[in-house]
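Below you'll find a set of structures to go through.
First chain A sits with chain B, and in the next complex the same chain sits with chain C.
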Partner chain A sequence: MDWSSWWDTYSTLVLSIGVYGMLALSIYLTLSCGLLSLANAAFMGIGAYMSAIATLQFEWPFAFALFLGTVLPAAVAFLIGIPVLRLSGVYLAMATLGFGEVVRVVLLNLDITGGPLGLNGIPPLTTWWHVVLALALTVALLQALRRSRIGRAFEAIREDETAARLMGIATDRIKLLAFVLGAAIAGLAGGLNAHYTFTLSPGNFGFESAVDILTMAVLGGIQGVAGPLLGGAILTLLPELLRGLQEFRMAANGLILIAVVLFMPQGLWDPARFRRWRRSRGTRAEA
Partner chain B sequence: MLKLEGLSRQFGGVRALDDVTLTVHPEQVYGLIGPNGAGKTTVFNLVTGLFPPTGGLLEFDGRSLQGVPPHRIAQRGIARTFQNIRLFQEMTLIDNVIVGMHAHLPYHFWDLLLRTPAFREAERRARARALQLLHRVGLGTLCEELAGNLSYGNQRKLEIARALASRPRLLLLDEPVAGMNATEKNEIMALIRSLRQDRLTVFMIEHDMRFVMGLCDTVAVLNFGRIIAEGKPAEIQANPAVIEAYLGQEEPA
Partner chain C sequence: MRTFLTSALLALSGFCCLSVASAGDIRIGLAEALTGPASQYGVPIRNGFLLAQEELNAKGGINGNRIVLVEEDERGKKEEAINVYKKLIYQDKVLMIFGPTLSNSMFAAGPIAEAAHVVAFGTSNTASGITDIGPYVFRSSPMEADVVPVTLKAAIKRLGLHKVGIIYGNDDAFTKSGYDVFRQALEAQHIRVVDTETYSKGDVDFKAQLTKLKAEAPDAIVCPCLAEEGANILIQARALGITVPFIGGNGFNTPKLLENAKTAAEGTIVGSPWFDGNPSPENQRFIAAYRKKFGSDPNQFSAQGYDALFIVAEALRKIHLTGQLAQDRQALRDALPAIQYAGATGRFAFRPAPLHNGKPGGYDADQTPFVYIVKNGKFALLK
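Take a look at the complex of A and B:
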């Protein structure tokens, strides 16, 4: 098979690995701050619709459309984050899940989003280098945060919010920052996604995809940026490799999640486990 | 420096603190003692803004602390440690201490995105100072270890280093030597003496009498949410009300 026909067949899959990697990173960002937020699928939807409407109906340039698709979800996250982030743990998960449902119903009922039919004929503007660039920027952003006072604040809040506040960290603002940045990344991923799938429908951004995104991050591990990328890639490829099981995709996701939580609670990418392995192999070699 | 006037706090129907009045003066080591459940930690929780008092006044440096959120109180110069140690267990010792410097890292968001010289310099200094603080409490050699792997006594020392990182003017220590052996207690004693030489004000809760009497300028005794005595250590030790609170009343012959 030559390159161009291979690319014709698999381009959607390859681009999806990158886009889902970004989504997994967006939830990794909020998780690293101790927030179990399940709103990222909804933010992806807002970004996807916003940028698709911009190119399809207003014929604005793609870059500007992506910009809008990044900024609008961030603005929405800012507004709902102020009340919602007072919650934590499962209560936050419930509230963000509820928000996702609201977004889905709104997308279903607005005229500009095409109602239940969704949007069709979105121009295929996303190319491989757009995805690579967006992914690289996301990884660079997350790495820069990690090695700064903001990244340390995220970690401190995740471990002990009260202690973090008493260390002079404005925990409310830091949590809002994580939430808004997560929404922006998810929105950008959504904008890129819309411009290679041609169609959008409200059902793409509901409960199922919220769980998918969480599964990617948990499966891959949240000890660093490599984990979510790995999880995103695996869960994008898995349904293709197990084509026969297509209808059982959700069941398979669920089983994988259970298996990982049971046997690898830190996820597949776990630097501490790698160190243990290396050490045990080292001692065996000596003996 | 720190003034509590008629301070009270109720939890439901329980009066945890009732009309507590005391003043911690600058450069003093002030001790708060009392039986378990007397409300000592509640005093610290009110001072650090974890919850509001139900009545009374709370002032630091002449400014009211009422309604000020905890992180702002910390930024004004009050740092604390916890009775039930609250470290960031999965972070290294040095990162724990640098978290304490959060409000003192003067770089902006774009500095950290672009790794500007200002960012690098601030981070480099923070690390250097954190290392210094760790050496000061005797943990310098363990700086890349995870906090959760430390012994109990060392965790308490790390909490003190982390509290000092925020450059406080008032340090609240909640049972700093609980669970420590005699050697460690002496180390902490020497540390607090050296902090006082650096003109830091210390307000501490402690059960160890030798420790309290050896360090504090003034001691207050809290019993059932009320201050029953305040004075110099020697006066407190001779005070009949205090002896009664600790040992119970002598039966009349």
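Take a look at the complex of A and C:
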């Protein structure tokens, strides 16, 4: 099979791997700050709708549409983050889930979003380099953050928020920053997704996709940037790879997830485990 | 990670080269939701197609060439519908594609077929705007906008309606578009709407809305609902002492409604492209063959799938297949619009979709729907 027909067939799948990788990274960002936020699917929806409305109804340039799709969710995250981030743990998860439901109902009832019929005929503007560029920028940003003062602050807050506060870290502001950045990344991913799937409906961004995104990050592992990317790629590829199993493929999909969670609770990408493996191999070689 | 991706992608590409076609086979893609919530529609559609394929091939196929259906599950999700379409078009090199099951999936997958100049043929997509995608998009399912005015006209004649109440689900694409169409048709026929009530998908208690409707004393209640909620609405309305008949959309056209609502469904008027009591020999033969093959009763979706393969077979008989894929795909698309056929769903023809932003669209179904009424626990034609 030659390259061009391979690309024709699997281009959407490759784009999805990149976009879901970004979504997994967006939730990794809040998780790395100790926040269990399930609002990322809703932020993805806001970004997707915003950029689709920009290209479809106002015929603005794609770059500007993506910009709006990144900024609007970030602005919304800023507004709701101030009250919501006072919560932590499962309470934060519940509040953000509630926010997701509010977004879904708003999308259902606005005229500009097409109500329950959604938006159709969105122009096919997303190409591979848009996704590669967006993903590269996201990874670069997250890596830079990790090594910076702010990244250290994320880690300190995750390990012990009270201690972090006593050390002089402005925990409220740092948490808000993680939340807003996560929303921006998710919104950008949504804008890209809208322009290669051509259609949006409010149901695309509900509870199910919120949990999907969380699963990707947790499956891949949240010890670094590679984990969420790996998780996003696997959960996107798995249903296609298992196509040969027909009716049983979603069951096989679930079994694989259970097996991973049981035997690798830290996720697939776990540097500590890799080190252990290397060490044990090293001792065996010596003996 | 790179090695994982490479091997995964290699495995992906390996999967698709396994199926080997023998010469003379006509390969047609079938993308339906075979698992997930939408499979309640997708599986009956697939069964209809399998039956039609068996019958066509038993009679020697198309000029001696067998029809081979390449089935793929799209799970009712837009990304999967796109992936399946691309696989069928570029890997399996099918002549054309039937499906996907849901209108939303067609909005996602249709543009792929349009760009590749391959016919996308929906048998269950009723939303308006589907055929705006372009001239390669066909459907054999009449839009709600075609079925509802006919239903309403028959209901007015029978019941002498002056004022009606409406109850519908406002968070679902299917019920919302059904409502829009009903409202327009009611306006066109000068029927007053005294009250409009809404519910959400999955609701089970409708007594508050029905009590309000009852207070307005309408002549009938219009309910563009799916059967799941519809049956509950009927039962609770009768319990509240509402005796006026209900008028339903396409969603009411299922034996499930009668099973669940029992006597509460009595007098309900429904419009649909297919009627199991239609005595035409094509329909009765279809029902008997379906029962024999699958051991269950067919529904509207299986009938539409069954007919669709025969419609395409008619077109295939009219063209000469050269083995040049692009040329054959184009020839099929050019032959389809003129096909007329009488099958299990009655007389069928295509109708070009109106221009959309000055561009030509695809082809909608041009078919007169059946209107029937529930009488003694059974659907009977309304005359």
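The criterion applied here is as follows: the second predicted complex is superposed on the first by the 269 of 287 C-alpha atoms of A that agree within 3 Å, B and C clash if a C-alpha of one lies under 4 Å from a C-alpha of the other, contacts with A are read in each partner's own complex, and residues count from 1 in each chain.
By our rule, a residue touches a chain if its C-beta (ideal position, glycine included) is under 8 Å from a C-beta of that chain, and two chains touch if they have at least 3 such contacts.
Computed from a predicted structure; not experimentally measured.
Enquirer: As a test of reading the superposition: which chain, chain B or chain C, is in touch with more residues of chain A?
Expert: Partner with more touched residues of chain A: C.
Enquirer: Between chain B and chain C, whom does A:Glu155 touch in the aligned arrangement: first, second, both, or neither?
Expert: Only chain B is touched by A:Glu155; chain C is not.
Enquirer: A:Ser5 contacts which: chain B (first), chain C (second), both, neither?
Expert: In the superposition, A:Ser5 touches chain C alone.
Enquirer: Counting only touches as set out at the top, which of chain B and chain C does A:Ser201 meet: first, second, both, neither?
Expert: So A:Ser201 only meets chain C here.
Enquirer: For A:Thr96, using the defined touch cut-off, is the partner it touches chain B, chain C, both, or neither? Pick first, second, both or neither.
Expert: neither
Enquirer: Tell me which partner A:Leu145 touches in the superposition: chain B (first), chain C (second), both or neither.
Expert: The first partner, chain B, only.
Enquirer: Considering only touches as defined above, state whether A:Ala163 meets chain B (first), chain C (second), both or neither.
Expert: A:Ala163 contacts chain B only, not chain C.
Enquirer: Which chain A residues lie in the overlap of the chain B contact set and the chain C contact set?
Expert: Residues common to the chain A contacts of chain C and of chain B do not exist here, since the sets are disjoint.
Enquirer: Please give the residue numbers of chain B that touch chain A in the complex, ascending.
Expert: 48, 50, 69-71, 74-75, 79-80, 82, 86-91, 95, 98-103, 105, 107, 109, 112-113, 115, 119, 123, 162, 166
Enquirer: Using the touch definition from the top, list the residues of chain A that touch chain C in their complex.
Expert: Its residues touching chain C are 1, 5-6, 8-13, 16, 105, 108-109, 115-118, 120-121, 124, 196-199, 201-202, 204, 226, 229-230, 233, 237, 239-241, 243-244, 246-247, 249-250, 269.
Enquirer: Tell me, which parts of chain A touch chain B in their complex?
Expert: 141, 144-145, 147-150, 152-153, 155-156, 159-160, 162-171
Enquirer: Note which residues of chain C are touching chain A in the complex, please.
Expert: Of all residues in chain C, those touching chain A are 1, 4-5, 8-9, 11-13, 15-17, 34-36, 72-73, 75, 78-80, 82-83, 86-87, 89-91, 104, 107-108, 111, 115, 127, 129, 132-133, 170-173, 175-177.
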